[in-house]
Amino acid sequence: MTRARERALRLKLMAFDVDGVLTDGTIWFTAEGDVMKGFSTLDGHGLRMLQQAGIELAIITGRRSKALEQRCENLQITRLYQGVEDKRAVLRGLLAELKLDASQAGYMGDDVVDLPILRACGFAATTADGHPLVRQHVDMVSSRPGGRGAVREVTDFILEAQGQLAAFNARYLADE
Amino acid sequence: MTRARERALRLKLMAFDVDGVLTDGTIWFTAEGDVMKGFSTLDGHGLRMLQQAGIELAIITGRRSKALEQRCENLQITRLYQGVEDKRAVLRGLLAELKLDASQAGYMGDDVVDLPILRACGFAATTADGHPLVRQHVDMVSSRPGGRGAVREVTDFILEAQGQLAAFNARYLADE
Amino acid sequence: MTRARERALRLKLMAFDVDGVLTDGTIWFTAEGDVMKGFSTLDGHGLRMLQQAGIELAIITGRRSKALEQRCENLQITRLYQGVEDKRAVLRGLLAELKLDASQAGYMGDDVVDLPILRACGFAATTADGHPLVRQHVDMVSSRPGGRGAVREVTDFILEAQGQLAAFNARYLADE
Amino acid sequence: MTRARERALRLKLMAFDVDGVLTDGTIWFTAEGDVMKGFSTLDGHGLRMLQQAGIELAIITGRRSKALEQRCENLQITRLYQGVEDKRAVLRGLLAELKLDASQAGYMGDDVVDLPILRACGFAATTADGHPLVRQHVDMVSSRPGGRGAVREVTDFILEAQGQLAAFNARYLADE
């Protein structure tokens, strides 16, 4: 078993960055400001499966966006932390609340500002087009870029490591 | 003749998923929610030719979207099934209504939730960037990704298998 | 001199398709319908240079869009033909009005419906991601896809064939 | 030390083009005109680091856009020059105001209209998908295309040349 799988096996909380991870990193501005975000439908189903598998989800991001709030409501993700200066501090609060150890938490981020929280987590992931320095400090780099299925690769990987992916697949491949 | 062409030859109903197939899988959110979808003009013409060739079209999707309704109106596709939990059940209803056999129906989808309907159809297709598990269970994988002409490849393939593509091409290549 | 350059050398009118040529082929729908189009800034400068070089520009498209009207106003393109069923007929009208021969007119299109007008013109071009059948019937295929500089490659090619590109470049590379 | 690094080492002012550099070159039109721009979150952090390193930032663009004004406000970039006919003249004004030499100024642009200002600056950069003629006249070509992290590569390169990148990285990689 690879080190990344061993680490993913222990996860009870998985947190994600937004811009560049759940999106392709493009921030869309109009005269009204930062108004729109594009999310992946593949990622959406991956996040739902992670919830169904009993893993806590959280979104921890430095920006604020009504579009993100709508997407989280759509995915029934309630642990949404926006406008965060110190992501690692938010993680610690979550660990205390959920009575978890850092080794049971994971984070997926794409830029150097994510390095402190990535290094504080038991499992760290980034995207194919994440910053080169981040790619050197994580357990897993997705083959797809942010917003194009990168998150789904990570959620599939975690479910597989925890031995739960086969049950999901069996459900979809069952003869009636 | 390949197995995929043999299967495409029998089609009288072809149904499509939306996000990731008719679009690139990006779901665009603003403060108002899921508001916009991007469709391919190449796909549009393919769907029109399929209609002209007498093949019934249907859209079967798990989400709901006003943008999709506009696109279907624009393409004069009336069999639009949104917010569908059990796509295979919708397919069965269509087969009964149209007095068709499952071997005469096809579906194109991109994620694992599409596996039950894909496996129930005579002809199953997915996109270049569909989920890896789906790619293992279909008759045809387009070379283009979703929303970038993937559907057109499938509609051209079906028309070609049914011996109708040459007539369309002849029309466009006719000397006056 | 290649045949494509010889043909481009004679052009006095160059017409373009919109979706898939001036855009990447994505048609953006909201609840209000087909509302937005994305154009390339590289293409914009190419079209301006073509106008400055005295070549007549026209846009001939099968769809209708307010977004396109805005872009044409922005580029000061007045020969805009929307909702066109028979593009070849529009071309003929233009040739009569401008007292030109078909060999002095060019068209760039990306789908099979463009084949009649492409074959009627002295110079025919398509994009890297145009329909395969179209790519077989044109003088030039751009290396970039539609909406990402495909038009600029064609305008540069025409200006180069007509011996006018060097003068434009000299202007930008002049020492003060 | 490469010539590009030597030139980047002297920079005290770095100016950027918008369309094709800070964006992917797509200009988004609706019925209301040119309304939206997509910026990269990776680029945003790079621009912030450049400011923190004491390098003056400027945006010099030929177009005008409310969306750009919002992004500049968001990034606290105050030197924004829109609707500029002669970019080199704006640069000269900036050099006079800041009492800098042209060798201490850089520009990143993607099209032939940027050649005069690029050639007037001590350091010139373009994007992976910039116009071929521009790529021949610059000190650095980013490996990423415009709007997808091209600017971040340049800002990282400048900070590295000036010996400041290690300090930023150390901050993100520090043990608590």
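Letters A, B, C and D mark the chains in the order given here, with residues in each chain numbered from 1 onward.
Following the convention adopted for this analysis, contacts are C-beta pairs under 8 Å (C-beta built on N, C-alpha and C of every residue); 3 or more make two chains touch, one makes a residue touch a chain.
Because the structure is predicted, anything quoted here is derived from the model rather than measured.
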Q. Is the contact between copies chain C and chain D built from the same residues on both sides or from different ones, judged by whether over half of the numbers are shared?
A. different
(Q) Can you tell me which chain lies farthest from chain D, using the average of the Cα atoms as each chain's centre? (A) B
**Q.** Approximate Å spacing (C-alpha centroids) for the pair chain C, chain D
**A.** 31
Q | chain B and chain D: spacing of chain centres that average the CA atoms, whole Å | A | 43
Q | In chain D, residues with contacts to at least two other chains | A | 36
Q. In graph terms, nodes being chains and edges touches, is this line, ring, star, complete or other?
A. ring
Q) Every pair of chains that touch: which are they? A) A-B, A-D, B-C, C-D
**Q.** Partner chain A, residues of chain B touching it in the complex
**A.** 19-20, 25-34, 36, 63, 110-113, 115-116, 119, 129, 131, 133, 137
Q: Using the touch rule from the top, collect the residues of chain A that touch chain B in their complex.
A: 35-42, 44-45, 66-71, 74, 147-149, 152, 168-169, 172-174
